[in-house]
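In what follows, a single structure is set out as structure tokens and then discussed.
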Amino acid sequence: MVILTMDKTFILDGKTIPFEEGETIMEAASAAGVYIPHLCHHPEFKPHGSCKLCTVSIGGRLGASCTNKAAAGMVVESETEALNADRRALTQMLFVEGNHICPSCEKSGNCQLQAVAYHLDMLTPHFTHFYPARDIDASHPDVLLERNRCILCELCVRASRDVDGKNVFGIGGRGIKSRLIVNSASGRLADTNLSVTDRAVEVCPTGAILRKRHGFTVPIGRRLYDHHDIAEVPVAGMKEPRSS
Amino acid sequence: MTEPKKLRVATCSLAGCFGCHMSLLDIDEKLFDLLKVVEFDRSPITDIKTCGPCDIGIVEGGVCNAENVHVLKEFRKNCKVLVAMGACAITGGIPALRNNVDLWDCFQEVYHYGIGLENGQIPNDPELPLPFDKVHPINEVVRIDYFLPGCPPSADAIWQFLTDLAAGREPKLDYEMLHYD
Amino acid sequence: MTEHNVCDLPGIVARWNNDPANMVQILRDVQESCGTIPSDTLDQLAKLLGVPRVRIEATASFYHFFHAESHGAYEILFSDNIIDHMAGKEELKRYLCERLWLEPRKLSEDGLVYVDDTADIGLADQAPSMLVNGYAVPALDHSRLDLIAELIRNRKPLADWPPMLFEIPDNIRQAGPLTGEAFTPGAALLATIARGTDATLAELEAANLRGRGGAGFKTATKWASCRKAEGEAQEHAGPSQVLPGPLGGEPSVARFSGGAHYVVCNADEGEPGTFKDRVLLNSHADLVFEGMTVCARVIGAKQGLVYLRGEYRNLLEKLKSVLARRREKGLLGKSILGEQGFDFDIEIHLGAGAYICGEESALIESLEGKPGKPRNRPPFPDRCGYRNQPTVVNNVETFACAARIAERGSAVFTALGTPQSTGSKLISVSGDCQRPGIYEVPFGVTVRQILIECGAEDAHAVQVSGPSGTCISFREFDRIIAFEDLPTAGAFMVFSRERDMFEVARNFTHFFAHESCGFCTPCRVGTSLLRNTMDKLAAGKGSAYDMNEMKNIMHILLDMAHCGLGHTAANPVVQTMEKFPDAYEKRLMKLDFEPAFDLDGALSTARLITGRDDEWAHLAND
């Protein structure tokens, strides 16, 4: 058993969490097996800080736990009613901003957006739907791009740039008109050098990037989040909880 | 001891597939238990055509045409508590897949180019409900008190929800009962 | 027919040192010379600069002034602040469109003209105003529009238009130490060199100079911390050590053209109703550049950048000539004023229509050729700014104040103002008053005093510091302009009794929705929800439910937004709701609930298709 010195710990919802120098609150929390809701964070990629679901109170000031570094003696609150209400509202915003029709989505049951919504007890998207007109790109032989379900988390952007070394994806436009763009003059996925084995394809938390011919292969009841709250399902690549 | 007054419940299906109602019937033998505490007003189950004063109204399906609005408003007027049941009522659901298609193209497809159609014509019969540009969830038309998601919600979820409501508890779904598909 | 030339892409790229970090400037030059940024240009740029097309497209599609489709030979953008509306903008826009036989947002049939709106262009004292091919034309009225329509119909190149159309007076109504007193270029630098950098910093500290861009951060603290921060360290570190742009974003381009520290002047002035930086740059640019040079001396920077909002394109040549003159006089360049090792120069970058680029970290992203999305902070720019080097970012007016303090010492400076808010402040007055323009006032003046000075007898409300600032009602006119009460970047929009404060707030919600960068969920979606709800109320279809919803959205924005834009985006609605409840109540249809969309309107397409107009083909909106 490692003896933890006070100067390398902080308090999260009353629990003492050890951290290593340079770790974010999110990293330290997940290493300690504590779940903080998140969508744009992924342990293998650089922090992004855009979805804001992981917002916590750090000594009374609100900030994203995926971008704020842990510091000794910090008092962090995450599981408060107020923060979870805000997180639910953000999730609802993500639903109404796109077109999420879960019953017809291949990702349903394995989708992190949906699972986070379950975790937060979201019963309705609540806000007025935007019903934006977004295109589907089926041009690629092996990969389908369903922009209606994109939540602009930029995980595919980061994965393609930092792991695949390809820069297939980017975010174009601004504000509510922001949209996923791809690296080709035609704007078609088929004209990029994306390959189905790219990390960018796998990392999408929603049903926006899908491998073709793999839809609905896992029966209902055996999907990732059918029986388990996302808080209990480790994301691939997440560090094993640090044993104390 | 007098019997407690039964809760009066009305249900309807707007732009939905009746799947939620099938799931309601799926409660099976527990329906009898349910009927000890509730009685049905307007509903596809009773075939009563207009909604009288009710304690609870349960609406399946979203709003895709003018008639849906009339029914929904009738429910809102008569029901103390209004429940949106199922994905279509809550998000527009499968019918909302047409929201990305221009209404003119929808009409063309159905009345002009549909398979087996010759000299098709777009009907202008006032009997036919006029469709909206887009399909909307019902909470965008009237105030909704409770949402019961699922496509359809499972019989267990409906049972849990209704018994909670009948008992005057805030309905709460267990993890496995909460799903959007 | 058009004024636009064939685009010399390699020339433009070479002019910007073949450096992809200058992408916004490269795209600006392409847009200006070709009138559009065609899709194949992006491919050519990708090849020339060796960066993926998708990144260039991300930048090109972010900025309002860039577009792939042609806007003809004359692109006309009407300033869309509420002040412009009050001055008759909508009617004048319709008038011009009729004269030119066109519809807004649609290229005219002959492919000659395009008319649209744009966010406030910094001419609220001369509203309504517009940009023609990026050049500002103030004080529009029917006769000026007649002339413009005539010039366009005759296809007169912009260069041949009467210069009086583009004349922009400063309108300085009340002068002070910055705007009214002579300045000898070099005076502040001589004093700085004589005093030494430590003492100059101490002087700044004693003057208690606080940032004029709105937030009021202490300038001495910022400079001292930047000076202490290690520059160039990251250049030598391995690539994994190179900090990403916005933490996790696209990596900054690591190429160094000068020293390791940078001085950046924030001349984005995007806050609607603010125009004081325009005046400082137009008539007192030496003071501003000298403040930057003093800063360079203190922090040890070799390179300075001015981020000038695209709307101030008309100032570019003038500013460049001031820079050239300063170089000739030895006030810029190598060995400034003969001091060995005091090397510093200033380059001007133009923005391209994005309010968010006034936020300092978004500004730096833009300077690095990327979409203007605020970075994750910390680290702040003083430690990790432009090209990931220690960078001071200050407002135009802050630099001007710094120059004065360096020149005259802190005592002269603190003679004006209050202990917490020292010195003078430039206020940009516009709206319902007789004398709109610049008022350089000592900090601590009451709102009422300014109202009297500008001749606003009938004032009912004032929007202090623009949409992101504070709306105050006639009951609060004794409040003071100071960091301790009403902090301000300078906007002061006056509204008389006749004005509808709901419409003021609605205009501001449109502004925020248009300018949200889209990076974070709460602001990207929340600002549009707010705008839509305000439009719903304006259509007479609002309810108490909607009012409550807007308050909830405000909480989410306050708690969760990534930057100041999102944090303040709901302020105008919430504050006017509180201070002018009547403006809202008279619009509420029913007190409970109203459908989210226009029921009858949503049937109109189907009515058209079916040709029906019977009773059942309509829905009463209650």
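Chains here go by letter, A, B and C, matching the order in which they are written, and residues are numbered from 1 within each.
The rule is short, and it goes like this: a residue touches a chain if its C-beta (ideal position, glycine included) is under 8 Å from a C-beta of that chain, and two chains touch if they have at least 3 such contacts.
Just so it is clear, the structure is predicted and the values come from calculations on it, not from any experiment.
Centroid distances built from C-alpha atoms place B farthest away from chain C.
Among the inter-chain contacts, the highest number of C-beta pairs connects A-C. Chain geometry summary: the mean Cα position of chain A and that of chain C are 32 Å apart.
One simple way to say how far apart two chains are is to compare their mean CA positions; for chain B and chain C this gives 49 Å.
Looking at chain A, residues 128 sit in touch with two or more other chains. Each of the following residues of chain C touches two or more other chains: 596-597. For chain B, residues touching at least two other chains, in rising order: 134, 136, 140.
Within the complex, the chain C residues that touch chain A are 39-40, 42-43, 52-55, 57-58, 61-63, 244, 246-250, 354, 371, 376, 513-522, 524-529, 532, 552, 555-556, 559-562, 596-597. Those residues of chain A lying in contact with chain C across their complex are 45-53, 55, 62, 64, 67, 82-83, 86, 89-90, 93-94, 96-97, 127-128, 130, 151-152, 158, 161, 167-178, 181-185.
Those residues of chain C that touch chain B in the complex are listed here as 545, 592-593, 595-597, 599, 602-603, 605-607, 609-612, 614-619. Residue ranges of chain A in contact with chain B, taken from their complex: 95, 99-105, 108-109, 114, 117-118, 121, 123-126, 128-129, 131, 133-134, 148, 220, 226-227, 229.
Per the touch definition, chain B reaches chain C in the complex via residues 66, 69, 103-104, 107, 122-124, 126-127, 129-134, 136, 140-143.
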